[in-house]
């Protein structure tokens, strides 16, 4: 039988049959929220697949050429080879547009599902000892994913993404002491430098995917080795894990989920337009367009920049630019704090024990309140980042909306945090002392004319 | 040189110069001639009646303006036609912002009003002639991106610009209205005269805007051409949303 | 059971038909919407089929409980032995103090040398952030090279300008605005740099460097699309709303003999966003 011959062959070469037997029998808990990480994994797989195709067509060169392709409004326009290659991919390569759009949708869903996964891990306390390293790797993966997205959508050299690059360059320039040097070294000179596009390309197709793949492998290996946390089922012992064996059921489910992820991404890729760079035109350094937003995962940063006051610090003949605090320091604090959260919480609660059980949010009201406040904070910032689109949608004055958002950005997290904290405490208390179910009893008339109570039913 | 030959040359040159001046001035004067319809007295009477009934309360009988509405003395036919054709005027409440809507008058009535206002407030920009069929899409896209996209959005679907206004979507504007807006700069909009957008560019701009109504969306649903904001919303709500639904259907709930 | 089997079968059949239809669409020239929809059906069919199979056709495979750690957990003695193994190796190096220190020195020196390629990545900023391509006498031209005269703009109009020969230059980009004469209130030292009713400012926003491309003519405000910084054209482009901390530097201009506008010098300040070396 083929399977037997295969296993014999592998064992002969790798001495692996006990490894196979052991690992195929490994169980994984089945709760739906534990699959969010898989969504991220499969979105990444889709990115790799579609990305390889795109890289076979994209030309990472800022050199100018005249567009001669079928898209009439750009006919005769001077554009970069990069921009031209993206238009050619979109309009002249069969299935090119669906591959390109699927790639971009996959990037958005990749970051969205990583965030959902992070939220799940946070609210269930799955980052606690011994899984702190997995958490740190996860936060790094999130940042890498955002970096991959940003470098990726800047590749077509269109007006919208070029404007975004200008903002990042300005943010780097604002760094005290070393800012101008850092900007000139990494961006290749004064903006826009000719080297910039090919550096973004190398970052996007090689350096960042290599980092993601490497870190992802360690992340998965850690989950495999340390076993997955779970809401411990009644009647099982601490130090055990209950779930579906990897082979065949869990593997089949995972592959099924992979296909569903691919399906959703491909569906979006063909049916819903994303990043129509032909409407934005090629990047020219003096061009301005609206609405001017980055992809959603940088929307919170855009919101910080739009709401931040116009402060600037001048000292002893030097300037600390307006962008430094909101665009460099604040994100730095946020992500460092996020990465170090397991240690912050352990210090604050004094809990350094090993935990393999997932908690329900209601079991940790303070943490859940803080998490909810964090989510509300990011949502408010993302709304701020889209303020002009939001104002047009709501038919209100955008500058007044800004005033409201400035208040909301503090109020929403505070209110959400307190409400969630209170809800968790309430739910937790109810679990500890559940309301007793009402007792039922029957009262029957007896022969003597009195009343007897029949036992509780 | 001296003598009779010189005097002759000078006379000839003087005649030429005067003739040229008359020709040029005549051309200019000719271009300000009133339209043929205004020559008919009934037409003007209709315009006058409409003006007195609908406009004079805010703009005054002599178009000199009141606290409720500006003077129309320097407006010109282009501005009047623009406001009426796009339904921005008449304004029900003077405190409202003018907004595009259904025109309150028929085209014939609008022509009559334009003619009447021109007669009591002559001058100002004439209604531009814009021929989209003469336009070049590529030039139009260039002009649009260089001048219009910053306020009206890269896809011409409109955007907030501050100052209490929203630069509107351009999908309902016909070429003449486009030309009028470009030349007069209504509301907060700046003006773009022939020095910045010449006739060929204006024709091309109109051609591109008409083209944008039904084209440019090869990728599928265009989400109001609102860019990354709409795309992010769909990615989270539809993309992640459907997938989480799948997870809930196939995973354990406990 | 039967019903679930039929559902799985249906899912796979949908996948097969969709994949074949995809071929047909492709061969006939392709269409993004059809391609996406059919791909979604094909992939989704396989996915749905597998998920249904796993969740409904394998009831006999139940959840199992296993210990989390497989091998026998390490004893203190094991950990002690592990630590000693590591220690033994480290000690070998530590024994030879002098050589170990030299090794550290070499590593440090090489580490510094490894920074050299980073220096090669770009040129030194120098004073390039403080200079643009504008010089005294440079004619103002539009992006296509057309010289700008006093009749290019009318009141309420604006246009993007560059020094002649540097059309499209990123740091030299400027915006020329025409306002009603007499409304300008420029700082006294720069009021000479604006002919009546005409003033030019750098187009680079002093917040994050985006081109300030919106002009709200009725209120004489230049506005940036990126973060809504708004600048008052009549008052030296000082910021009146938004996060921009500094006014847009003015480009001093004059009307030349041929009616073409010329710059009389550099901008009145550094263009674009702030940086450390900015005084």
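Per-chain numbering from 1; labels A, B and C assigned in written order.
We adopt the following convention: a residue touches a chain if its C-beta (ideal position, glycine included) is under 8 Å from a C-beta of that chain, and two chains touch if they have at least 3 such contacts.
For clarity, every value in this text was computed on a predicted model and none was experimentally measured.
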Chain nearest the overall C-alpha centroid of the shown protein atoms: C
Leading chain pair when contacts are tallied as C-beta pairs: A-C
Between chain C and chain B, distance of the C-alpha-averaged centres to the nearest whole Å: 34
Separation of chain A from chain B, taking each centre as the mean of its C-alpha atoms, in whole Å: 44
Euclidean distance of C-alpha centroids - chain A vs chain C, Å: 19
Chain A, residues touching no fewer than two other chains: 30, 97, 101, 253, 256-257, 260-261, 264, 268, 270-271, 287-292, 387-388, 398-399
Numbers and ranges of chain B residues touching at least 2 other chains: 146, 149-151, 161-163, 218-220, 246, 250
Contacts with 2+ other chains: residues of chain C: 32-33, 36, 51, 54-55, 143, 160, 213-214, 225, 228, 241
Complex contacts: residues of chain A adjacent to chain B: 29-36, 39, 72-77, 90-91, 97, 101, 105, 108-109, 112-113, 116, 159-160, 231, 233, 253, 256-257, 260-261, 264-265, 268, 270-276, 278-281, 287-297, 299, 382, 385-392, 395, 397-399
Footprint of chain C on chain B - complex, ascending: 146, 149-151, 161-163, 185, 187-193, 195-196, 218-220, 246, 249-250
Chain A partner contacts - residues on chain C that touch it in the complex: 26, 29-30, 32-37, 39-44, 46-51, 53-55, 58, 61, 63-70, 118-119, 121-125, 128-129, 143, 160, 162, 168-171, 173, 203, 207-214, 224-229, 239, 241-246, 272-279
Of all residues in chain B, those that touch chain A in their complex: 137-138, 140-142, 145-146, 149-155, 158-164, 166, 208, 211, 216-223, 225-236, 238-240, 242-244, 246-248, 250-254
Residues on chain A engaged by chain C in the complex (per definition of touch): 22, 25-27, 30, 94-95, 97-98, 101-102, 163, 166-167, 169-171, 173-181, 183-193, 195, 226-227, 236, 239-245, 248-250, 252-253, 255-264, 266-271, 284-292, 302, 305-306, 308-312, 314, 317-323, 327, 356, 387-388, 398-399, 402
